[in-house]
Amino acid sequence: LKFSTSSVMAKSKFEYVRNFELDDTCLRNCYIVVRLDGRNFHKFSEQHNFMKPNDNRALGLMSRSARSVMEELEDITIAYGQSDEFSFVFKRSTTWFKRRASKLMTHVTSQFSSSFVYYWKEYFGEQPLLYPPSFDGRVVLYPSNHNLRDYLSWRQADCHINNLYNTTFWTLVQKGGLTTTQAEERLSGTQAADKNEILFSEFNINYNNESPMHKKGTTLIWEKVNETTTKQIKRPDKGETEVTVTRTRKKVTSHSCDIIGDQFWEEHPDILESDQC
Amino acid sequence: LKFSTSSVMAKSKFEYVRNFELDDTCLRNCYIVVRLDGRNFHKFSEQHNFMKPNDNRALGLMSRSARSVMEELEDITIAYGQSDEFSFVFKRSTTWFKRRASKLMTHVTSQFSSSFVYYWKEYFGEQPLLYPPSFDGRVVLYPSNHNLRDYLSWRQADCHINNLYNTTFWTLVQKGGLTTTQAEERLSGTQAADKNEILFSEFNINYNNESPMHKKGTTLIWEKVNETTTKQIKRPDKGETEVTVTRTRKKVTSHSCDIIGDQFWEEHPDILESDQC
Amino acid sequence: LKFSTSSVMAKSKFEYVRNFELDDTCLRNCYIVVRLDGRNFHKFSEQHNFMKPNDNRALGLMSRSARSVMEELEDITIAYGQSDEFSFVFKRSTTWFKRRASKLMTHVTSQFSSSFVYYWKEYFGEQPLLYPPSFDGRVVLYPSNHNLRDYLSWRQADCHINNLYNTTFWTLVQKGGLTTTQAEERLSGTQAADKNEILFSEFNINYNNESPMHKKGTTLIWEKVNETTTKQIKRPDKGETEVTVTRTRKKVTSHSCDIIGDQFWEEHPDILESDQC
Amino acid sequence: LKFSTSSVMAKSKFEYVRNFELDDTCLRNCYIVVRLDGRNFHKFSEQHNFMKPNDNRALGLMSRSARSVMEELEDITIAYGQSDEFSFVFKRSTTWFKRRASKLMTHVTSQFSSSFVYYWKEYFGEQPLLYPPSFDGRVVLYPSNHNLRDYLSWRQADCHINNLYNTTFWTLVQKGGLTTTQAEERLSGTQAADKNEILFSEFNINYNNESPMHKKGTTLIWEKVNETTTKQIKRPDKGETEVTVTRTRKKVTSHSCDIIGDQFWEEHPDILESDQC
């Protein structure tokens, strides 16, 4: 019995170790971006027989997991994903987790990772997940709307460049009969125009007609949508009547459009907060 | 076609945003502790009908997930878990991820979270996981062996205090017929000795005989174990013979013992590195 | 002789300690403010017989030291001082010292401190400086023009509140014959309006006519000024002629005006950089 | 009058800018080293005609300024200086300024810089200081005694290497009649042994006999010293008597000895705190 009492005393004796925790609060009035990257996803995609150059099941699962993150953390106003990466943007005035960087990045990473496994079956059906995958995360701050848009533009430009390369590469292999080494050599040093030309003249593929999701990646935002439901209502005099109810609800919606130009931002003016704050 | 070329140019124009990423390298020659905590696990445990005061399926799944983390990150020399938390200790000389705090904490959190969902069925069988759970993580540095041991002692003392409280509380409810409110009132202001006394005199329960895993939590370390396998070998003259092969392998082992006193550390001298470094 | 060789080897053996230095780069595209505060200046001002409520010699020396800092670090676009504090604002795009916080704050503090002693005699004449004074410094980042202006407004509002209090307090003591304790009691709980009323009705002092430097503090900025010099020029045929040469030069200028309202900023549009960057 | 009231309101409206200040507390149980370096001291030393290779007036002034820092900040247990740099070591358990890095480094830098100007005349007499000099500072943490001693050893090894080079270089110039370019070429690629040989065989100088302060730098520590004073005491019966009073006082003492080996640390066991904390 004596042991237990000393345990309480012991705990208070040890509690000083709490003070070794350092504060990592994010600077106020800056956008907080959390970016996740799949770890060893090259190997992961091979072990799970991902389609080349793009596997729609994997892309769908990535977006589904990202939506799960946004629904848990409503201060994320926009998320952008491509390949095995996803970026989440917290509004600049957010006070979630007191803006502590470690809380923000681990919570996003954790929710994404558990969702990826949880929703696997919805996208891969009976094909089993061979082992639990892992993502790493980081936090980056952006002080202005201009900087934030440049960040997202950077990721989308990266998506475009990679997808054009991969599309051409796998077309050379899958339709052109080249080995992967030959395809690599063929593309070495080529410009974007050259790759478009190879696709068009040799395989009759117009890159512009490729899937928008592959060319532009996936952008998730919150939008107000009208939801119409039908209810049966009993009235004392008239018996049952069918009534249509329309409610406006905020919902995460998915887009495969250009986010580098101004149009997207003009159409969704609520994503950014004013720089004049 | 022109678009693609300008996209490459665009990317390099945007690439300056990389420089907003700040360095978060951990101070050298310090132990790096990553601690995870379940988010809203009170609610999670109720929704999944966890046994009270301890659910062995959940504790088993936590340990299984922690082992998955250790097997991915071999520079973790010891991990300690209780309830819905787990702490992972990287050796003080580790150079994993160049000691970058965000990489270390997100990788641990991600691997743990995906493993928790992945191995759910092994521990909960047909009982479904209702939604993907989430854990948050943090990094804390400890400069000396003394500080690190005090950290682990702090968590184990916390485990003991909570478990004694919970054991008494749920005994009063489950066997004593009290409501949860009545049990709370009964325990308000009591010392450890009082709780032991309630258990013993009213319910004939000796707390010391309770399960070590519940009283002490779970400690995971790397140990060398001998693995013996039997092989059939064909010899040209004698036909088949059975041969026993013993190999030494490093393996994560689980312990439910006291880690506050010196004995555990004397028995496993390789966990800590010298302060004289 | 052998010793020296081993000393070179020794140095390289010890050099690993360099890696314990951590990076403290300031987030890009943010204003970097370094604020200095005098340490124990209450005592310092008494030991050096500062005039109450304001000592123009001390204020002059503070501004002279601040100018010395600005002339050394040209990326400081504005500095604001009052009482024993001074704030220095580096432009948001500065790359001085690679934006390392420790370099920026120690260099500003050092230059200010050595200048304070160096120029003492210019302001205090034969009155000796009794010991070397000390200032502490800190770095704060502001992501937007709005935030930066609010920071400077905060300091100027603070100047006004303190100066009104001090002016009333010392008038009560010096002209009203109260002890300092009595003056403190008299002012306890009073609003600004009350203090203005005391000054006006009891001492016939209109606070609005007080010195702008005391009410508004000192603002230092870079301005282009025309400097006219006269030179004697020898011409082969005409002998000596006097020629007037006007050159435009950037110079630190001092202002005691309101910086809370828009007028100052409209008159000096070059101090702030656009938020659209 | 209304203005003043709104000024108080204004101040509270602006006060949110305080929250942009980020915490920079130093990790506990680590030695905190603040190192200062003279800025542009090569130029400074030429403009003030420093003796080559070492100017004892400058070295004396550096040490005097360092002592001034130690007397202001008693938690500095040891300081080491050479050339235009000085390192100050706060004890690992210090709570000065709540261990905030910016406060610690700016206070040290400020006190040092103002002292350097303040005590200039004591070392340079009538030779005027031409402008206020500047020092930059930084903070580095060391978690163990071993790391801290290696840091100090690194600085002392650096002192030795530089001093041997400079002594040989200036002997070649001053006594050997070489130009600085010729001396540089002569020394290019030489080992320590070669430099010792040049000094000995060509100039009959035994480097070992050079001044310890030049070879080893200056180490400042706190020591208990006995101070004996003589007082005249009047006794009622016997008239005046002379009495000797000895008091023990802590005082900063200066040493030019080796601090790489164990002897110095064994003789001053109070400088380091145990790693077992």
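Going in written order, the chains are labelled A, B, C and D, and every chain counts its residues from 1.
Please note the rule applied: contacts are C-beta pairs under 8 Å (C-beta built on N, C-alpha and C of every residue); 3 or more make two chains touch, one makes a residue touch a chain.
Since this is a predicted model, take the numbers as computed values, not measurements.
The minimum number of touch steps linking chain B to chain D comes to 1.
Ranked by separation of Cα centres from chain B, the top chain is C.
Centres computed as Cα averages put chain C at a distance of 28 Å from chain D.
Between the CA-based centres of chain A and chain D the separation comes to 53 Å, rounded to the whole angstrom. Each chain gets one centre point, the mean of its Cα atoms, and the points for chain A and chain C are 47 Å apart.
Residue positions of chain D touching 2 or more other chains: 20, 22, 27-29, 141-142, 147. Chain C makes touch with chain B in their complex at residues 19-20, 22-23, 25, 27-29.
Of all the residues in chain A, the ones that touch chain C in their complex are 27-30, 141-147, 275-277. Across the complex, chain C meets chain D through its residues 1-2, 4-5, 7-8, 10-11, 13-18, 20-22, 24, 36, 39, 68, 72, 97, 101-103, 105-107, 109-119, 129, 131-142, 147, 150-151, 153-154, 157-158, 160-161, 164, 191-193, 195-197, 207, 260.
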